[in-house]
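In what comes next, chain A is part of two complexes: it sits with chain B in the first one and with chain C in the second one.
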Partner chain A sequence: MSSPATPSLSAEPVQAGGVPEAGRRRRLPSKRMRVFAKNRAAMVGLFILAVFVFVAIFAPLLTSSDPTLQNLSSAFEAPSAHHWLGTDDLGRDILARIMYGGRYTLTIGVIAVGIAMCIGVPFGLISGYLGGAADMIIQRITDILLSFNAFLLALVLVAVFGVGLRSVTIAAGIGVLPQFIRLARGQALSIREEVYVEAAVAFGEKPATILRRHILRNALTPIIVYATLNVGLTILVAAGLGFLGVGAQPPTPEWGSMLGEARSYIFHASYEMTFPGLAIFLAVLSFNLVGDGLRDAFDPSLRE
Partner chain B sequence: MTEPLLSIKDLSVSFRTRTEVVKAVDGVSFDVYPGETLGVVGESGSGKSVTMLSVLRLLPNTARVVTSGQVLLRGTDMLRASKSELRRIRGREVALIPQDPMTCLDPVLRVGGQLREAIRAHESIPREQRRLKAIDLLKTVGLPQPERRYAQFPHEYSGGMRQRAMIAMGMANAPSLLIADEPTTALDVTIQAQIMDVLRAAQHNTGAGLVLITHDLGLIAEMADRVVVMYAGHVVETGDVHTIFKTPRHPYTLGLLGSLPQVIGAEKWLRPIPGSPPDMASVPSGCPFHPRCPLSRDRELCRTELPALSPAVGDGHRSACHFSDEMDGDATSMLAATRPVR
Partner chain C sequence: MSGFVTYIMRRLIAALVTLLGVVAILVLLVQALPGDPARVIAGLQATPQQVTRIRHSMGLDQPVTTQFWRYLDHLLHGNLGTSARTGDPVWSDISQRLPYTIELAILGTVFGVVFGIALGVLAATHKGRWADAFGSMIGVAGISMPVYWLGILLIVLFSVQLKLLPIGGADSLSSLVLPTVTLGVFSMAVVSRMTRSTMLDTLDQEYVRSVRAKGVAEWVAVGHALRNAFIPILTVIGLQFGTLLGGAVLTETVFSWPGIGQLLVTSIQSRDFPVVQGIVLTFAAMFVVVNIITDLLYSVVDPRVRLYR
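What follows is the complex of A and B.
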């Protein structure tokens, strides 16, 4: 397993030996990585995640079945040596579909959070740092967004944008956007009071420079931690939309859509629904475990 | 005398809270001339930091601050300057070296980057030149191995080194006025002396005026040319450093001198000033020092009327005490005459 903690651990003695004084102080960031590495739950999460990513990337090498190839003569086959997880109502290999489906589900989750970060963080930082009218306007809009729950908001947005992978991704991103605005604003509010920000003002630096160089940099750790935690949520939102049939369209093997398609056969072929559900569950769990671990290691103050 | 660099005229600063108005600075006036070192002394809460922060307009506007008076910096009224004017002046004309060297550098940026940034705020020169200038600045403030220090993070610096780095940032644009807010409070005595040397050298190189905010009289005696003594938001005494230390004409200044260990006489006990500084939300009427003053002795005038700064012993020496005539002789004899407090 390739955890990011391993290289930093092995690099430790070399560094300490090279420049003794500087090496000792440099240990700070990797010390946190060690806290993270010692967190067993987080390591389990990271392992599951690594497996999912690996399988999604190398799916064509790992399975010879085509995830979209229909074969009605072999529909509803129970798990067997040939089809490990059975086949669905159209005779497609469920394992292959799950393996390929990971590509969609994981990508949607990560990109959606990326969208939320790219929009939410700048607005939140500006809102918190400048205060006044800008803060007022941004926060009232955030209030409105927050009054819907993430899934409901995403559902409304899909209704607006139309059905499809792209709009589901955007919708899931906007669904978690308000939390990012709030988090970034809170960070900006507290970092704004730091002496080094005051000093930067006293040296005549521009607000834009201060925001970018000082506020953003210092806010980044909790934001990244929070983003990891939110990937699980966006996956869930996207899968939910897929389940309702407004997400990825057939024959795309997205896990949520698979769940939705299998819904009608739940009594007849329960495995068709069980395995995609399990995949979603494990993916969300792994992101949450990793996120929790990162949070505990890097920013325990975020713990709710 | 030459034109003052900084001229504070009748400055008042109040903070409005939900329930009360706290007058942190009340009618303060003084000048700073090019090349001189002015020491501003006073207890915590005497308004010395607030005064200097309002020079740079750095008081938090969230606190609902009310300011009046004038702060003229080479003719520009800082209290009425626009945002862009302020940005031009901050760092270029006046630089503030903050109080706490442990927190004034951004922990996530390399020191060199922060220095470059301070330079870039006022001077557009190529990146490589900025780097060389930054390394040069680090060398000027006496950091060994400036090239290596340049690439390090603040957590790799000691407290004294951070303070040096801050001075380097302050000097980056050769400002004509340096304000050092208790630059040595968090440092041990040896480092304090080194930092003061660095400050003195920096000031010498650029001919800048230096305002030294401190409650350390030893530092003042060593560094300052002139002294402003503040108490409860007022200037109570001002004059050149020798006059203030030798023939103080305000009982508060005398009290401060008396509370110093071993500076004057061979006293066995320190002599604290009785009582404690007033709550700034309810400053005593009349002379704010009267409840703690040995001269006041419940005299009516002290309780009812605020004494004005009026000429005392020497040239430019002024004291705000109704009964400063009763203080004659030098500090040693005056302290000897009062009973030691045990």
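What follows is the complex of A and C.
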């Protein structure tokens, strides 16, 4: 893992009583944004994502159907002009459920990654910057967590926390936590060798200040890129838990649990499982495409 | 040779430390159960006697450090405890089902590696052309595909519509096809992305260009490059093996495949913790062993790699 870029101290005015602020150096965001904007796949991803977010926010305006209202007399209706994607086993409109379901799935993905970032990044930065015993202990724990894999770790945690939206979100977040610790540690290891960090040490800045002002600020770009790529993964994990029946509980229209419920009817209503699965796939795909694009534009060193 | 033995010993000790950590976490997790862990594990319908039996058999009436050493002691004697639901020894449940999971994991990995490398090489040797675009598309679609959805789609197409392959179970060779493909697609996508990027690097190296300059067939040059692209590919195979095991849990559930993944799901649903602990430990051991094997394969693939000094 290399640092985002080499700082050019000569171009920076040295502030009175301190070292040049690392965050302001070298990057030319507009140039990198142009590289990102030229990436066709990333733009497709961004478009899909925008559609999902729009639909999730404005679901009540876009559909008049209640996603949880049961109507057994219209159960298992194939896609038609009235129900564009058909109805499920309890007569609920599948399109409405997918529209509202986006709220749960996307929120779970983003919050889970937020949890992983908030816990993983500080630990990773401390581990990489301080080294020594703290590094050894944090890395051994990370090794242990990594031997579980994100999905298995989340699955086991759900067994402890119990089923439901909140525990799934936390479990999915902890599932991807070790990756964030590793990434932040790698960033801290390379950034601490930079001249501006040495200068900060020489100026007598406290480790906590150096970590916040210099290390974190410079590690932020790769961390955000990685976070985008991981939202897709946490969505897959959370939907997988829903599919197994240990995630969001009925009648919540979460896509994974919709797929799990539809599984029993693949013989006579295969459309019921087609659309929630497609929604999960497209949402994950959009985050992966955007993440790939951000990575190529802002930090190619993260590539595979 | 002694350096090699030292290296192996060091890796095995590190693996043991990791597995001890996994055991510690598994023991601690039971303590984290809300309320009385023995009551939660025994289930709502359990009689006070059953709760007491579970509390005693899992050592929940003792301090957590005692529980940890007790679990280790039992583990060294080949005892993973007994199921809270059936009362059967956990190890006998696992050992009956483990071969199925290993079979599926190996087949899924082989499928992923073979097709992933083929796709990655195809993309790298046709950079910027349609084959590259196709390969990249399959790569990103493969890592975005929910394995459970892919499994059901394959069942609908090949079992329900075309009636070509069995819907699930493990009764015949043909029942292996759909689970293997379902499980292998993610590995295929990861391996193909890795193969493409490393092949693009190696194809540009001096030695490949000089081989080309000699006028050999293109596949000979590609072979030279591929051999050196193997190290990162091996690394990614080892690292994504954990994801493969997670995928196996879902794949086994979709196809009613009688492995330990399916048992893990039913045990989690019924909060049968002794079984959950046993299976998770087995998965962690498999992950650790596979990563040691891939490390050792580095020096086989590339003799320049010295794992030890």
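Note that in this section the second predicted complex is superposed on the first by the 277 of 304 C-alpha atoms of A that agree within 3 Å, B and C clash if a C-alpha of one lies under 4 Å from a C-alpha of the other, contacts with A are read in each partner's own complex, and residues count from 1 in each chain.
We adopt the following convention: a contact is a pair of C-beta atoms (placed from the backbone, for glycine too) under 8 Å apart; a residue touches a chain by one contact, two chains touch by 3 or more.
All figures in this text were calculated on a predicted structure; none of them were measured in a lab.
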*When chain B and chain C are modelled together on chain A, clash or fit*: fit
*Which one hits more chain A residues, chain B or chain C?*
C
*asked:* Looking at A:G131 after the superposition, I want to know if it touches chain B, chain C, both of them or none. Which is it: first, second, both, neither?
replied: first
*Applying the touch criterion given at the start, work out whether A:V158 contacts chain B, chain C, both or neither, answering first, second, both or neither.*
second
*asked:* A:L244 in the overlay: touching chain B, chain C, both, or neither? Say first, second, both or neither.
replied: second
_Taking the superposition on A as described, I'd like to know which of chain B and chain C A:T209 touches: first, second, both or neither._
first
*chain B versus chain C as contact partner of A:D143, first or second or both or neither*: second
*Using the superposition on chain A described above, determine whether A:N218 touches chain B (first), chain C (second), both, or neither.*
first
*Just chain B (first), just chain C (second), both, or neither: which does A:G232 touch?*
second
*Have a look at where A:E194 lands relative to chain B and chain C in the superposition and call it first, second, both or neither.*
first
*When the two complexes are placed on top of each other via chain A, what is the minimal CA separation of chain B and chain C in Å?*
11
*Take the contacts of chain A with chain B and those with chain C, and give the residues found in both.*
none
*Where on chain B does chain A make contact in their complex?*
56, 58, 62, 86-92, 95-96, 98-100, 103-109, 113-114, 117-118, 121-122, 152, 155-156, 166, 169-170, 172-173
*Taking the complex as given, what residues does chain A use to touch chain B?*
22, 25-26, 28, 131, 194-196, 198-206, 209, 213-214, 217-218, 220
*Hey, which residues of chain A end up touching chain C in the complex?*
41, 140-141, 143-144, 146-152, 155-160, 162, 232, 236, 239-240, 243-246, 256, 259, 263, 266-267, 270, 273-274, 277-278, 280-281, 284-285, 288-289, 292, 303-304
*Hey, which residues of chain C end up touching chain A in the complex?*
17-19, 21-22, 25, 29, 32-34, 136, 140-141, 143-149, 152-153, 155-156, 160, 193-194, 197, 232, 236, 242-243, 245-247, 249-250, 253-254, 264-265, 268-269, 271, 273, 276, 280, 283-284, 287-288
